[in-house]
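In the two complexes that follow, subunit A is the common piece, with subunit B as its partner first and subunit C second.
Let's look at the complex of A and B:
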């Protein structure tokens, strides 16, 4: 059975809500039924076959070709299966994702992995602001699973994050880990201003020294036993994080945000 | 049955269902992992008075441990799950948490989950940190030498306790040498422990006593100094009897351990003073697991 493939025929001016096209919703549907589904496109609704050429039948393996940055809500609440996006993706990629895998070859918009619960999300390009964050007004962001970003991420990555891993090979924007409740964000590149702003608990694992902050207190240099186990868990990924040379267990530990609960930590690689 | 001049009695060892768990202790080096493991499995020879039976299963290579450091695998057996959980927690708290550079991990992934570091975390007084890695929860507890890392839970499984055999020899040194040879071979078998000191027990017991307060007393039928004053099971040339008790995860594990142990004893043979191999049982009425010596050695 070949992958259920949606090839974008035209790039609409208005944004498209792609949330109906997820594995668990399409499972068992005939091609004609899928073609007749409607997607919200700006103010109007548009049939799937008006927008996409449809091929293949395996709803557990969906491929979206010629994707671009106005296709929002791809993989919303995905509950098993795999979605491959060839090109860019819009906002809210993998919103509330429950399980399964999503891989995007290009860049993604804001709120990717927002309130994600479980599963694995790979972004081969850059991610916008609020990666793994909570929706505005909500208190809990990402609650589990792993997000791997091979490029850079915008501001407020992991805002209100509760559990899970965000792995960033590139740089992170300002307010990375803001209001974080728990979980781990690892950044191989540089981080911006206000790192861990109002962070309560959780770990920010950095390869480079962040900008100094009065809200974090230096706890000294340490060899931490959990780091080899954490890095071993990254070995299954197709990523720089899986490379043995990327692993370390000697870190400078900073505790904060001291203006908040102060149980969070920033661990910076030594040497 | 006679092997190398050693008579294998037509009898059987009688064993009982128990609950078991395994934990992995790692440390900066094997020396300190072993110190911690020895402390954790200390005073755990018999459930009669220790609350559990525990022992070191084997030394682990760094490539076999979760954190890549030298480690030791230990196993604890108890009559019930509640007692096992209590023993595990108190021993982990007093013997591993306290031991320099140590870390503690689950040794059984399946089974019923019981607390390993789950409750020890409160020692962290609010500074403890949880990390969920690949579906396993770890607790990082701040201690004076750095951080104590403990996996939250380990597995509890059904197991078998009380497999045994007796070595009957012409002298005490010969009985001990035979038991040492047996233990050396039996320690190579996975999933078993021999909980008594050095793996050997010289005070085998029978059920009951002339004293009402005692449930067990010396096995006078196998005490060589009582040959002339009790209903003895010993022939005149037997001067010393020692026992090896085995707890294992399955009956098959104990079978294997008994086979290699008895074989090691028989390899020394009659020329080294070993005359008989026997086993302890209660007539087959108390324990559902029977280990027939001659079947094992067939």
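Let's look at the complex of A and C:
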């Protein structure tokens, strides 16, 4: 069986809600039924076959070709299976994803991996603001799984994050790890202002020294035995994080945010 | 424009009509008496077999103002911006947007709604929001009793006349219809770290008691001839044993008219193993002895809601019960305070079940729809959209039993609701939600179907399931225009805001100008409601009503005993 492939025929002016096109919803559906599904497009509804050429039949392996930045809610609440996006993806990629895998070749919009519960999300380009965050008004962001970003991420990455890993090969914007309750964010590049703002618990693992903050206390240099174990868990990824030369176990430790609970930690690579 | 409704069963307590079949005529937005034969009718509606009532009047529902906006901001999850826009315009999926407020009320046959807590400093905001509510008419009640200016007057032992002028000026400046007092002095005391405040407690630094503030304002409302009695949110809201506070407040009214709001939250005893019990019987006993008192219920209905109140002491004390876990408290400069705490009433909860039972006990024990009004204190006890459900509870004993089976049985065992077999009639519903409500507010032009009334009319199809019946009216006319047909809004028309016209001594204005210049960051002009660019001209936006004798329920009831 070949992958169920949606090839975008035209770029609509208004945004498209792609949430009906996920593996668990399309499983067992005939090609004609899928073609007749409607997607919300701005304030109109549009048939799937008006927007996409459809080929293949394996609903557990969906490919979206010619994708661009106005296709929102790709992989919403995905429960098993794999979605491959060739091109960019819009906002809310993998919103509330339960399991399975999503890979995007290009950039993604805001709120990627928002309130994600489990699974694996790879973004080969850049990600927008609020990566792995909570929806406005909610108090729990990403609750599990792993997000790997090969480019840069916007502001507020991991806002209200609860559990899971966010691995960033590039730079992170301002307020990285803000209001985090728990979980791990690793950033190989630079970080912006207000790192760990109102962070309660959780770990920020950094390769570069962040801007100093009065809200974090310097706890000195440490050799941490858990770091080699953490790096070993990254070995399976197709990423710089899997490279043995990226690993370290000697860090400067900062605890904060002291205006909150203060049990979060920022670990910065030494040497 | 001449409109006729033919063959409907009229329920109009003002005329003693209890299902009488009679035609109704509307000319240019006003109900008129029967016509001579041969006059051409422009629009003819056959409503035979249907129920015809005046448009309903909600005396207490928080639909506009600072607290309402705070709640909207606090709970974005209640109005996720879905792409599909159900009503075809911006914000139509918001809970509760001004549009949805107007539409949903109109669909149920409501045509006038009172926002009962307009903080004078926030009056402009409240009015801008009310101006944005389509279809229905609105009105505000201005809050006094925690403001520094009044407490200064009392501390300085100012004359009652000065207070009267201040109250009259406030109602004019805020363009409100009546006077609201919330836990008199409590919000001010909260600023001095007081965390519980009873009727005879004294506000620190001012040396005046809650009772003194309340009685002074009540006297002012009578002196300036406010038709709507002072609208009181008592002390100790929600505390076990607070029925004594409610009774003491009735005593404190000294025989003068007073309205006690959302009284369900004061029907609590402190008996039983959990120290929380129903005191509805005791409350109603007091209510029957004090004929000068009117009350509304503030029924609790199960589900998610948000409590918003200017009673910051009560709100602060329940902040740890917030569901979801987030809340806002605020203090206003020189005026009151308040807070928004989201809350979910649950059937499995002993306390929530008992609150539900107590509310219904009050409804059914009171047996006087002329003095007891129908509210959920929207959104505090439940959203106004659930009114049809509550009407069914009142009109259907078997449905009550069904609902009781779902509750916490420990609470049910403590309640006498099973013994109360009374079922409200359509006539009594019309009294409670129409005629008495409009009269108590001093709105003579509505709440009835007599010639001269504005043509606010609701037509329903009789059904055994009263919830279905009252959820979607067949026809709703607002000022004679067809606003709703078969439960669907036909046109987005503007409502008007009702206010009271009162005289006062101009001297008070000079004193207030000086006070604002000294104590506020903004000039008095910034708070003015006039000369603001409402979409409508001020003359269309505001409708003035005359001062007059306060509502006296016993008099109304006596005048209406001719029916039945």
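One rule holds for everything that comes next: the second predicted complex is superposed on the first by the 271 of 271 C-alpha atoms of A that agree within 3 Å, B and C clash if a C-alpha of one lies under 4 Å from a C-alpha of the other, contacts with A are read in each partner's own complex, and residues count from 1 in each chain.
Throughout what follows, a residue touches a chain if its C-beta (ideal position, glycine included) is under 8 Å from a C-beta of that chain, and two chains touch if they have at least 3 such contacts.
All values reported here derive from a predicted model rather than from experimental measurement.
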Looking at the superposed three-chain arrangement on subunit A, would you call subunit B and subunit C a clash or a fit? fit
First (subunit B), second (subunit C), both or neither: which does A:182 touch? first
Of subunit C and subunit B, partner touching more subunit A residues: B
Check the residue A:263 against both partner chains and state whether it touches subunit B (first), subunit C (second), both, or neither. first
First (subunit B), second (subunit C), both or neither: which does A:229 touch? first
Once both structures sit on chain A, report the angle subunit B, subunit A, subunit C from C-alpha centres, rounded to the nearest 10 degrees. 110
When the two structures are overlaid on chain A, which partner does A:138 contact: first (subunit B), second (subunit C), both, or neither? second
Kindly classify A:32 by the partners it touches after superposition: subunit B alone (first), subunit C alone (second), both, or neither? neither
Distance of closest approach, subunit C and subunit B, by C-alpha atoms in Å: 23
So in the complex, which bits of subunit C are touching subunit A? 74-78, 80, 83-85, 88, 324-326
Subunit B-facing residues of subunit A, complex: 144, 163, 182, 184, 201, 203, 222-226, 228-230, 232-233, 263, 265
Per the touch rule above, subunit B residues touching subunit A in the complex are 66-68, 103, 126-127, 129-134, 138, 140, 146-147, 149
What residues on subunit A touch subunit C, complex-wise? 15, 17, 40, 42-43, 135-139
